[in-house]
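Next come two complexes built around subunit A: one with subunit B, the other with subunit C.
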Partner chain A sequence: MRLALRELHRRPSRFLVATAILALISMLLIVLGGLLDGLTASSTGALRAQRGQLIVYSSDAENSLVRSRITPDVRREVQRAAGARNVSGLGSVQVGARVPGHGLRDLVPVVLFGYQLAPRQLPDVVPARNEVFADSSLEAQGVRTGMTITLGPARSPVRVIGFLDDSRYSGQGTLWGSLDTWRAVIGANRPSERAGVGVQQALVVQTSGRSASAQAAAIDRATGGATKALTIDQAIQALPGVSAQQTTFNQIIGVTVSIGVLVVALFFALITVERVGLYGVLKAIGASSWTLFVGVVFQALVVALIASAIGVVAGIALDIAIPPGGSIPFSAGAGRLITSTIYLVIAALIGCAFSLRRVLRVDPASAIGGSDV
Partner chain B sequence: MHGLRKIYGSGENAVAALDGVDLTVGSDEILALIGPSGSGKTTLCSIAGGLLTPTSGTVIVGDSDISSYSPKQLTEFRRNAVGFVFQTVNLVSFLTARENLLVVDELGPRTRRRARERADQLLDELGLTKRADNLPAELSGGERQRVAIGRALMNEPQLVLFDEPTSALDTHLGDQVVALIRQEMKSRGTAAIIVTHDQRITHYADRVTTIVDGRIIPRTPDLVQ
Partner chain C sequence: MLVVAIALLLFLILVQQALRDGLIDAFTGAINRQSAPVLVYSVDGQRTLQGSVITPSLQGTIQSTKGVGESGRIGQSTFTARINGAAKASVALFGYETASVGGPDRLTAGRMPRAPGEAVGSDGEFALGDTVRLAGARSAPVLRVVGLAANAEIQVLPTLFVSWSDYSSWVRAANPDASVVLASAIGVRPSPGTTPQALVQRINAASPEADALTRADAAQKTPGVSSVRSSFEVIFLLFAGVVPLVAGLFFLIITLQKARALTLLRAIGAPAGGLVRSLLIQALMVLGAGIVLGTLIWLPVSQATVGQLSLTFDAGAVLFWAVLLLALGLASALVAARRVLAIDPVEATTGGGGL
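Let's look at the complex of A and B:
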């Protein structure tokens, strides 16, 4: 291993091309992963912010919050199954918001949520009517605490009393107010979607004791099939496009990792061919194939880690440069950076493993009468 | 070595590189092995050094019969009991002279400080102290050959095998290197087999053996001084 380290140290130029290509692959992995995470975050923040473990839709809503309606009777059934304290209502409406300082026709698309159980980061007490908390991404649109913005064609006024992070939904910033606020806004701006007294779009359920999926099944049984209860993860996957986005991006990431494997395999195959003479001499003076292969693995690991470090720095720089809530949904969190590094390291290890056979086949007898190393 | 045979290929394509070789080298003897190209001297040298296994026959180095050793045992044998000086020197190009000696220690269970002391001692004996931190590319041909000799002696071997050690050197340098080989081998009581075409080397050998078509020719007294 010391021999491999010395070669890296004394002959860095030999590894420059492979490091540069792997650094580009690392950047690509982080950019792809960051875009996936950004897209997912901007679509699912409102659901991830919930403090409940289950979302209950009406069964005819096909897992869509917009189409779902929970009547007071159904809610009572759910409360009986899950416990009255653990069930709270949720409603949403997508509207255009007029923000002071913007042009008259310059609407900011937002989703107004009415809630009973405060999402994470918000105080337990629900805001007064026509008061809302806003997602921090709306700050980029000029929304400020204390500002009154108007929603929809009816220009329903709501006053912003604070902000919360990472609660975007369907790629839009969100506002969080009481169910009364939601009911008033949807009634004024979407008469056809008006919700009657006691009607909510969905219920947020905090499970107790039993597993979330078992309790979901119990709720659906209790309502006689009038509801479809989903865990938060299931509700996220049911959002339009989320699953397709993740599948598509993960496939591209998979192809990129495969290219990384190919690059490392080709590079170390070439470098091993170059080293046949050296390996012959080292085997002749007592090196085992294993010792030599460990050196190859060590070099692949170092190259992959240096390339990953470059990729991580580039990813962090990109994350800082792209404003949150902007037109590019990019998020390079620690998890994504670590995952991308692990992918590249695994690609490097698999890639260099292809050299093992060649290292094993080097004949120490070739050192006698061989050429310079 | 007794009754040594090495057959390459099989059936009609079988070629006997060694055909019943019997050869004994004393514990501090320098043997020059000469013969025409393809006579089997490199094969003989390779088998003696544990680089090849014989088809039949026995090879005893010190007290060990290495003819039935597994590849793993042969690797260990080469690491601990034998030294090699190759035709084209074959130093590791990105290691300094001292590190080229220490690499022998790094391939097995390490002795670190003892190895460093031994490397410095060998470099001193070989007149390379001032060149210890130079890379092979910064050394002359003779200095490189001396480093290779130092590397071969690092593991305190029972036997050192030299493959055409002067082939890349001019006459003057070749004489110096061969004199140095003799001095180093005799001062340590180490056996050496020198495979060569170079008649000059025979002057420094205790014994000269000729091999032709895989067989030892009994005596070549006219070549021995």
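Let's look at the complex of A and C:
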């Protein structure tokens, strides 16, 4: 180990190529993971922010919030099954927002949510009509507290009274107001999606300690199949593209890790070939194969950690450089950076293990006789 | 090992390129497939059919703009439907008022709709004769697929081109609270002597509420498409960076392993240039084998469908990446070639032979 450390210290240039390649792979892992996290976060924030455990759609909506319509009759059935106080309405509409200071054609795409049960971070009291909380990603678009912005072709005015974090939906910043505000905005701007009196798109249900799946089944039974109740996780997975996105990106990350294994295997094969003579001498003076191999593993670990550090710094820099809500949905959270580092370290350890065979095959006699591996 | 590595890298790049292209096609295929050379959204729609609403006054302004030849309303919404009575599925309806400005521009099978209730379906998801019924609403007309069009999906959903009246009926049946069904966009064909680009400028100048785009721009500037493109470009760039490094490392190992033989060859008079040529030929063969293997692995996979995305074998993309990887691989092999050139033949007589 000491010998391996000394080599790293005295001849760092020897490890430069491997470190550069692994740093690139580390960046690739972080970029891929960051894109996946960014895409997922920007599509699912509004659902993750909910305090309820279930989302209830109409059964004909195919788990789509936009297509779902819960009539007052159906809501009453749900309340009967889950308790009136545990059921609250939710509605959404995607519109263009005109923000003061922006050009005539420079609109900000937003999703306005109407709610009864306040999402996390928001006060329990629902804002007054035409008042909204905004997702903090909209600050980058110039939205400020106290500002009045207008929504849709009807220029429906809403006043921003505060912000909340991580509540993006469908890749857009969100606004959160009362169901009345939502009903007025959708009616004025989307006549074909207008919601009648008492109609909501979905219901948010708090299970009050009951098992979420049992409660969901009870709700669907009570409405005679008119509803489809999903847990928040199920609702997130049902969002268009979310699960396909996750599967695809995770597969690509898996293959990238395997390329990392290959790079480390190749590099340490090269190092071992170069050191055959040295290993022969060390074995001749009593060093075991195991000691030599531990040295290789140690060096692989150090190279992988340095490469990961470079990748992490690049990932953080990218995260800072890309504005929230920009065209590239990227998010390099601590969890993703740690996971990517672990993947690379594991890849390095597996990769260098391929050199074990070569180390074992080194004949101490080669140090005397000059034969090669 | 390098053959497998190159094959794997090429395969990965091709998979990702096909996913990107498939995703973009499935997002915006119907926009490219519809026949109007110019699409006019409301500026509030943010260049999406789902978000755009054309008010009657804006429609009037568009249609009275100088240079407008033909025009017609276009509507687009998603619905839950049953195809041939099977389980419920999401479908997108693309309603058009006039076939020549909004209908599908060409079919792969069948014919254009002639009567109410007839539809053209995206050919990956529908077959001729399929019937499509709006789930949970008996009042909507049952649609029958009489024609098929390629790359005609929108929002990554099975898509049907239908008449405006069928589209309106479905919207009203799906939401009885709908007060009026407005167009999502106006499809426009310029009058003779006016180019689509010129018409776009005139319409945008006529109203600050109008957002006119040529067909190609409407597809390319759909929100999400640029995100998908830029995200994949970052990935491609990083992969392209890994290839020469892996190849360079590999050939360096090969050169080091053959150090003794190369020194001996130099000692008996082999010219350094000849040895470098051999190395490059070897690199060419190994890289070529990797590229062929990667392409062969990709060939059957490219016929598959991932979720609702159809992958396709794009010979142009294969050729582009093959040439690029070959060039990058050969360039990196030159590092090993430098080592070959540095061999001192005297080493062979002194018992050395290292590089």
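Simple rule for what comes next: the second predicted complex is superposed on the first by the 368 of 373 C-alpha atoms of A that agree within 3 Å, B and C clash if a C-alpha of one lies under 4 Å from a C-alpha of the other, contacts with A are read in each partner's own complex, and residues count from 1 in each chain.
Just so we're on the same page, a residue touches a chain if its C-beta (ideal position, glycine included) is under 8 Å from a C-beta of that chain, and two chains touch if they have at least 3 such contacts.
All values derive from a computational prediction rather than experimental measurement.
*Asks:* Subunit B versus subunit C on the shared subunit A, clash or fit?
*Replies:* fit
*Asks:* Contact-wise, after the overlay, does A:278 reach subunit B, subunit C, both or neither (first, second, both, neither)?
*Replies:* Only subunit B is touched by A:278; subunit C is not.
*Asks:* Kindly classify A:218 by the partners it touches after superposition: subunit B alone (first), subunit C alone (second), both, or neither?
*Replies:* Neither subunit B nor subunit C is touched by A:218.
*Asks:* Of the two partner chains, subunit B (first) and subunit C (second), which one does A:301 touch, if any: first, second, both, or neither?
*Replies:* neither
*Asks:* Go through the superposed model and pick first if A:345 touches only subunit B, second if only subunit C, both, or neither.
*Replies:* Neither subunit B nor subunit C is touched by A:345.
*Asks:* Angle at subunit A between subunit B and subunit C: what is it in degrees to the nearest 10, using CA centres?
*Replies:* 100
*Asks:* Specify the partner with more touching residues on subunit A, choosing between subunit B and subunit C.
*Replies:* After superposition, C is the partner touching more of subunit A.
*Asks:* Where does A:95 make contact in the superposed view: on subunit B (first), on subunit C (second), on both, or on neither?
*Replies:* second
*Asks:* Taking the superposition as given, does A:10 touch the first partner, subunit B, the second, subunit C, both, or neither?
*Replies:* The answer is first: A:10 touches subunit B but not subunit C.
*Asks:* Let me test your reading of the model: by the given contact rule, A:356 touches which partner, first (subunit B), second (subunit C), both or neither?
*Replies:* After superposing on A, A:356 lies clear of both subunit B and subunit C.
*Asks:* Taking the superposition as given, tell me the minimum C-alpha spacing from subunit B to subunit C, whole angstrom.
*Replies:* Once the two complexes are overlaid, subunit B and subunit C approach no closer than 12 Å between C-alpha atoms.
*Asks:* So which positions on subunit A get touched by both subunit B and subunit C?
*Replies:* Of subunit A, residues 370, 372 contact subunit B in one complex and subunit C in the other.
*Asks:* What residues of subunit C sit close enough to touch subunit A in their complex?
*Replies:* Residues 1, 5, 8-9, 12, 15-16, 19, 42-46, 50-51, 53, 55, 58, 77-80, 88-90, 135-137, 155-156, 171, 174-182, 208-209, 211, 223-224, 226-227, 230-231, 234-235, 238-239, 241-242, 245-246, 248-250, 252-253, 256-257, 260, 306-309, 351 of subunit C touch subunit A in their complex.
*Asks:* How about subunit B: which of its residues touch subunit A in the complex?
*Replies:* Touch list, subunit B to subunit A: 42, 45-46, 49, 51-52, 72, 75-76, 78-80, 83-84, 86-95, 99, 103-104, 106-108, 151, 155, 163-164.
*Asks:* Residues of subunit A touching subunit B in their complex?
*Replies:* Subunit A residues touching subunit B: 2-3, 6-7, 10-11, 277-278, 281-288, 291, 364-365, 367-373.
*Asks:* Which of the residues in subunit A end up touching subunit C in this complex?
*Replies:* 17-18, 20-21, 24-25, 27-28, 31-32, 35, 58-62, 64, 66-67, 69, 94-96, 104-105, 107, 109, 152-153, 171, 187, 189-196, 199, 240-241, 244, 248, 252, 255-256, 258-259, 262-263, 265-267, 269-270, 273-274, 327-329, 370, 372
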